[in-house]
Amino acid sequence: MARSADARTLRAGERAMQTPKIPRKAAAGLVILGVFFLMALVGPLVAPHDPMAFVDIPLQPPSRVHLLGTTGQGQDVWSQTIAGARSSLLVGFVAGLMMTTIGAIVGAVAGTFGGLVDDVLSLLTNVSLVIPALPLAVVLAAYLPAGTRALLVVLVTTGWAWNARVVRAQVLSLRNKDFVAAAIVTGESRLHIVFREILPNMTSVLASCFISATVYAIGAQVGLEFLGLGDMSLVTWGTNLYWASNDAALLTGAWWTLVPTGLSVALVGTALVLVSFSLDEITNPRLRAVSASARALAARGIRMGASTPVVRDHG
Amino acid sequence: MADVPLLAVEDLVVEYMTPSGPVRAVDAVSFVLARGEVLGLVGESGSGKSTVAQALARILGPPAMITAGRVLFEGSDVLAMHEDDLRRFRWRKMSFVLQSAMNALCPVLTIGEQIIDVLVTHERTSARAARERAAHLLELVGIDPARLTSHPHELSGGMRQRVGIALALALDPPLIVMDEPTTALDVVVQHEVLSKIAELKEKLGLSVLFITHDMSIVSQFATRIGVLYAGRLVEMAPTRELFRAPRHPYTKGLLGSFVSLHGPRRRLAGIPGSPPDLRRLPAGCAFRARCAEATARCATEAPVLRGIGEDHSTACHLVSP
Amino acid sequence: MRYLLRQLGLYILAAWASLTLNFIVPRLAPGDPASAMFARYKGQLQPEALAALREAFGFTGGPLHEQYAAYLVHLFRGDLGVSVAYFPAKVTDVLAMGLGWTALLTGSSVVVAFALGSLLGVIAAWRRGGAFDATLPPLLVFLGAFPYFWLAMMLLYGFGFTLDVLPLRHAYADTLAPSMSVSFVASVVEHLLLPATSIVLASVGGWMLSMRSSMIGVLAEDYVTMAHAKGLSPLRIMFHYAARNALLPNVTGFGMALGFVLGGSLLTEIVFSYPGQGYLLVQAVRSQDYPLMQGIFLTITMAVLAANFLVDVLYVWLDPRTRGR
Amino acid sequence: MSEPDQTPPLLDVQQLGKLYRVGGWLRPKHLRALHDASFTLGHGEILALVGESGSGKSTIARLCVRLEAPTSGRILLDGRDVLHEERGHATLAYRRRVQMIFQDPFGSLNPARTIGQHLERPLLLHDKAKTRADLSARVHALLDTVGLVPAPEVAAKYPQELSGGQRQRVAIARALAVEPDLILADEPVSMLDVSIRADVLNLMLDLKEKRGISFLYITHDLASARYVADRMMVMYAGHIVEAGPSDALLEKPLHPYTNLLLSAVPELEGSFARGLPARSGAPALVDPPPGCPFAARCPDVTDICRRETPRPVSLDEGRVVRCHLYPEPSRTRSE
Amino acid sequence: SGRRGAARRDPGGVLTVSTEQQASWVRNFNPLLAPGNIRWPTRAGIYEPLFIYDTMGGKVVPWLSSGFSWGPDKRTLHCTLRPGVTWSDGQPFTADDVVFTFEILQRHKALDLFGVWSFLDDVRATGPDALVFSLNKQYVPGLVYLGHQPIVPRHVWRDVPDPVTFTNERPVATGPFTEITVFQNQVYELGRNPRYWQPGKPALRGLRFPAYPGNDQATLALLHGEVDWAGNFVPDVERIFVARDPAHHHYWFPLVGGTVMLYPNAARAPLSDERVRKAISMSIDRALLVKVAMYGYTRAADATGLHDGYARFRSPEAAAAGDWISHDMERAGKLLDEAGYPRRADGLRASADGAPLTLDVHVVTGWSDWIRAAQIIAQGLRALGVTSAARAYDFSAFFEKLQKGAFDLSLGWSSDEPTPYHFYRDLMGTATLRPLGEPAARNWHRFGSEEADALLAAFEGAADEHEEMRLSHALERLFATRAPVIPLFPNPSWAAFNTRHFEGFPSAQDPYAKPSPYSAPECLLVLTRITPRGA
């Protein structure tokens, strides 16, 4: 009977899974992401100008002609923001995908094989986790020839370990579940167990790994490019900020060269975080129940306090 | 004062506000607990035993809320108390021994700190006096007072459970609620803990609300027993009476599900089916689907708890007084 | 103790890994680091002068393993070579200038962000669903999603340049000589304000959220229910029973995040010309100062590892369950 | 302990031992989860294995079902040394004969698959079905056998849509799919409510009677062991301390630990006031001291108990005990 | 402006200069090291050279020496020293110090930054204030290297064990500022030399150098009124700087900072063809380039490639002869057609093997003006049908490729010694020509002309300025016809001033020196000229 408590939470969890309703936070996040993706996909078609072209007098404030003004070099900021979305999101998501894939492979191998393989891989993972990422990224980026490929290499080398650790922990806990033992007893092969029994139960973990990896990748990319360690001949959010600071945007009061890009980075980051919260809530019914009841109480004007609330207006 | 029962629960309703709708875990439960009495509360997992217990002192965390009823302790309604009064009421008047001993003790504080905390908060005793009292309490439950400086993880399960009992005794409260105090333990250890409780009960004349799912345990403690099913009290009777003449089909089934170590072997009957989903309780009697004798009336009308004899009541349409 | 020893082993290994990485990366990279180093002279130097300089820097060839052995021997002697950009200053001397400032900036802002974030997280979880909980977390997530340096630039522009109330750069007023005087300390604090604030703003949200969610988990634990039942005061339950337990998973996260925040403060230092390692690193990168770059990477890594170890010690102190192990 | 039979027992376990390595790389310690366990299990027999938590019950099951390899000892299935014949992993042939049911009905089914899929896998793996129609017919038949009706509807459900008792029946159906001779049931009812336990226990009894399936029934509940099992074994700290026919064993326990266990079981309207014949306490499993593991708690402890580990001694009526109180008449089993 | 601006220091005669961009200062006042390694103004300010070449005036200003004269064979150079000069510790300055300094360079190749010992035979004192340099060949253009060498005191430096690593923390020197009054990692100050040989000078009480790690920070400080003399690039200077305080905020960006060039690799196929080089040049919209990449601070280069520092050498007719400098896509296209790179059906130009003609432009990561320029150049080439993109490399990689000739088109700088001799030697002479793959010190584009060699040889022994002028014109004409490199624009020398507290800075009206603080040794002219306002 001691385990009935676990059983109950499990049951509650499953109940939560049965009602797939997109939480408000996730919806907000998805809408923002959708807008940016649309911008990245069709943006360059609808953008008024070639983002590289020098189209007008430098540092024009936003106007009807140039929605977000012009840069210190006379390029159209709006067009550059759109073009930046395309390359930054692409690099961010590709790097996120690579980090998740590598992390998932390392984590899954370490978790399922155990023994020496696990010891070595987890050591590798932990070691790469404690080495500070950005300084390493700066050093790597400094040595590699500037370009998108190098940037991906840098981002992935500095960012895979976290995912590996998360995936390994999850695989370990799933591996100890009785359904895995049951599959072995049935006679299933190891590969079948990893890919058909364990991985399908990890989609939300992989999804949130992917999200955090992408957030990291976008942030680190912008940071490196801001330092001038990217390919400066491309238009990305990072190079936009680099040029803005290079053209002394703040000194000239040209906030419009900094704000749109900064805001875009922040919005995409926030949207991703919102989506991952919602994933958290979906997989962690306690969080969801708590916020649901808090809402129910708030609707009655009762603040959640230290004691069980007494609500008589109801039932 | 003498005619006011120690505890009277009237039509208590507790609901969990889950994202997929409210779960009515306790539904119109009423009972009375007299001074010096040990009231047993039994029922299978999920029947709402712990919810009832914790609602008494309003310590249920979110998403629980109490949506109806009264809890009268020595005549005053706990549900109407203000936060501060409630805090003073807790532990001084009603203390708890919770289901799982490991989780009921804070892992980062020492045993001593956790006992002294109560003494200092409620009695404003000096730290030294509190320490002495804590040591005395540990001795009372048969633990070396040197263990005051231990952390919970350094004690065995049985010891932790006894610490829980010592903690419950700290302020000499008129009522102790024991919520499955031994479920997490192996039989040998369980036996030891239960005998300690039995001993203290005799010695200190405690009033206890004793919650368990194990009929054999409660039979040795309780003066009266209430049976919970799907959040409702379905039968209530003095212990002897209940075991001798169970009236509700569920109680009968429950008693029939127990296998004995001794005596003749008979085929176990059990109760067919499984407990209902509290979120989608059918109309009428909650036990209907598992009841062999259910009638059309059971499907429409929910039975209420009615007296059917001296101190014996049950909630079943099939039982006439 | 065993736990700490194991962690120590991990850090020693990580230290070795970064030492080796530091050695290998330049040698794997395209181009010859030695000639690249002198490229900064833009051809003003005669080839003879270059050859002579090469020698002065100890760029002798030899098989890789010998170079590696020599590299390790030098490191153990605390000899990180000579900086190119600050020739002939020793790398260790150049590093010594920035280390303290970086430690001050990163350390103080990380501690403040962690403490503040944890506190806010505790309160948000305690009052979950309330107005505080509904507004602050999303706001801080949004703030945290901006690049560190972007926030830094905005603060610099707003408070330093436009409003002109806080200094624009450096770690203390140029007119003061470093001392323990009140005016000097005040000046240091004043100069710390903006950069530290931008780091705190960017990182506080993360702490708050993780604290909030672990706190919500802890609040549902039986021992918290028990503490309520014991009639303890809310503050005592909140901090003594709940927060201390909820803090534990965050403390382990603290070490990891340290490296990340340090990366952020590196960028912030550049925006504020804060005389720490951050700017030195970029300067080293830009001027092809490989010895300095390696030295900075190493010191930063070692500092993070050491801080991680301290955090582990703290963890053991906070969580009695790890003490025996 | 078995008489020289013509037909070997279904399962014959000989001196099985299991050590787990715990602790660091440098100074590893060993946890002795199982020590020198020997027993047999006949065709169509239910053997119960009882003992407190951590005594090694599940370890025996995991070794017998070959989820893990033992550190020492032999496992004979129908007289054939399976560990010797199938080095490394168990073959499908072995899996076809020996199946297992797990304790936690919530954990032993994969939340990502339907009940039908759970039952199809073993059928496909072990070539029990040729066509799709055959497959679903078989799945439905299995569900019928364990009393889950209407079968097609149940087959389409996910585990989380079933109650604990229903899930445990799915687990049994999965084990039955390959038509095994032996099912190891590791506490199959301990997580179920009293009121629904009877169903599962009765199903086991039915399967034994109607299909001649043998069970190793693992439990910590002596009463339910008595209910289903023909014979019982009691474990303590990795040792099988006593074995024998259920009724005889409960009637007249021989080992002091069995005695302690029996007197601690709460009985309807008994009393806790009566004392126990021994102290409580946990045995040391990590690098255990020599001697009998129960010595520290035993009321009848003698010097030899602390020095020497007792060997199993066979007595009348098929009873075996492992205690120095019962002197060895002669070697019962040659080593 | 705000609280802090108002509470700004009273400079008290201490001039704040922003010139080097450093995260923090490292103490090193060894004047023999390369300028990048030592604190400005060690080479010219603390220490001093024998003479100073004034770029703006195009003349030599005697400094520690009072005069130079060539021997009749132009292989000996006689030098007399200024009397009455003492070191800051009171010891007299003598010819021995000069001889000693050149001996150090001879012993330590790492310090002979300009390779004077490649043409020197011997340096000898002929008296306390006279000495003679013996050359191993006629080499008039080498004069400037001898004259600009900072001189160190023998009585101090003879005890220095290794002058290469010597950091010289307490300099003993002859310059106007010799006292290190403050040295912290974010600021240092120099105090004046009490024994300076120019009576009453310097008028400044000292110099102050805050550490600004980047251009941004330096500009910010300048706008904020914290800097009096700055040598950094200021974007949109009129609007963001001058407009803030037109009375005191001034700048002067004369075009004497060398010429920015596009180097076509003449050792590679299409670019060995003069016509292709000219076509490329004509595809470049230099007006746009000047406006966008350079904020209009400069002008398009002419066909001589010379910047304003060589203004007096420039021959207008040579400049006019180079018709390939104007933006003319049509003629550029024709030239390419002629050269054998016609447009294909898809509009791209085909190279010899039929594949699209591809010419990428190499630039340095982070050199933003160059990157912009490269982008515009690539834009022009693409319009011409040539596939092209700007490729940014880290400086080291960039420079390695440049030196080894691993590029098609690369941006680069030019020499800026006093006469066009060095300028054209590096662009057309064969002296520094190396095969592809071998690093070349100069002549990265690998264009060598014997015609130029003859003119350059004559230049080395030129008798007088007329002769130099004539030779220069010939070189210019040669350059304008052959187009060995593609000049883009002369680089400005950056200088911004805040005259609230000080006056006497050079300006277009009073161009007595190159105005940037970093242009050593001319900065000595400025440092001895500035005075506190009202003093």
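Letters A, B, C, D and E mark the chains in the order given here, with residues in each chain numbered from 1 onward.
One rule holds for everything that comes next: a residue touches a chain if its C-beta (ideal position, glycine included) is under 8 Å from a C-beta of that chain, and two chains touch if they have at least 3 such contacts.
No experiment lies behind these values; they were computed from the predicted model shown.
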Least step count from subunit B to subunit E, where 1 means the two chains touch: 2
Set of chains adjacent to subunit C and to subunit D: A, B
Greatest separation from subunit D - chain, by CA centre: E
Interface with more contacting C-beta pairs, comparing A-B to B-D: B-D
Whole-Å separation of chain centres (CA-atom averages), subunit A against subunit D: 47
Whole-Å separation of chain centres (CA-atom averages), subunit B against subunit C: 53
Subunit C and subunit E: spacing of chain centres that average the CA atoms, whole Å: 39
Where subunit E touches two or more other chains at once, by residue number: 220, 366, 394, 397
Residue list for subunit D, restricted to those that touch at least two other chains: 164
Residues of subunit A touching at least two other chains: 1, 4, 7, 15, 18, 142, 145, 228-229, 245, 251, 290, 293-294, 297, 304, 306-307
Residues on subunit D engaged by subunit A in the complex (per definition of touch): 25, 62, 65, 67, 92, 95-96, 98-100, 102-104, 106-113, 121-122, 125-126, 160-161, 164, 171, 174, 178, 190-191
Complex contact set, residues of subunit A against subunit E: 52-54, 58-59, 72-74, 142, 145-146, 228-229, 231-233, 243, 245-248, 251-252
In the complex, subunit E residues that touch subunit A: 215-216, 219-220, 223, 234-236, 239-240, 288, 292-293, 295, 365-366, 368, 371-372, 374-376, 379, 389-394, 397
Residue numbers on subunit B that touch subunit A, as the complex places them: 13-20, 24, 45-46, 54-55, 58-68, 79-80, 83, 86, 99-100, 180, 183-184, 213, 279
Subunit D-touching residues of subunit B, taken from the complex the two chains share: 44-45, 156, 158, 186-192, 194-195, 197-199, 213-217, 219-221, 243, 253-254, 257-262, 265, 267-272, 274-275
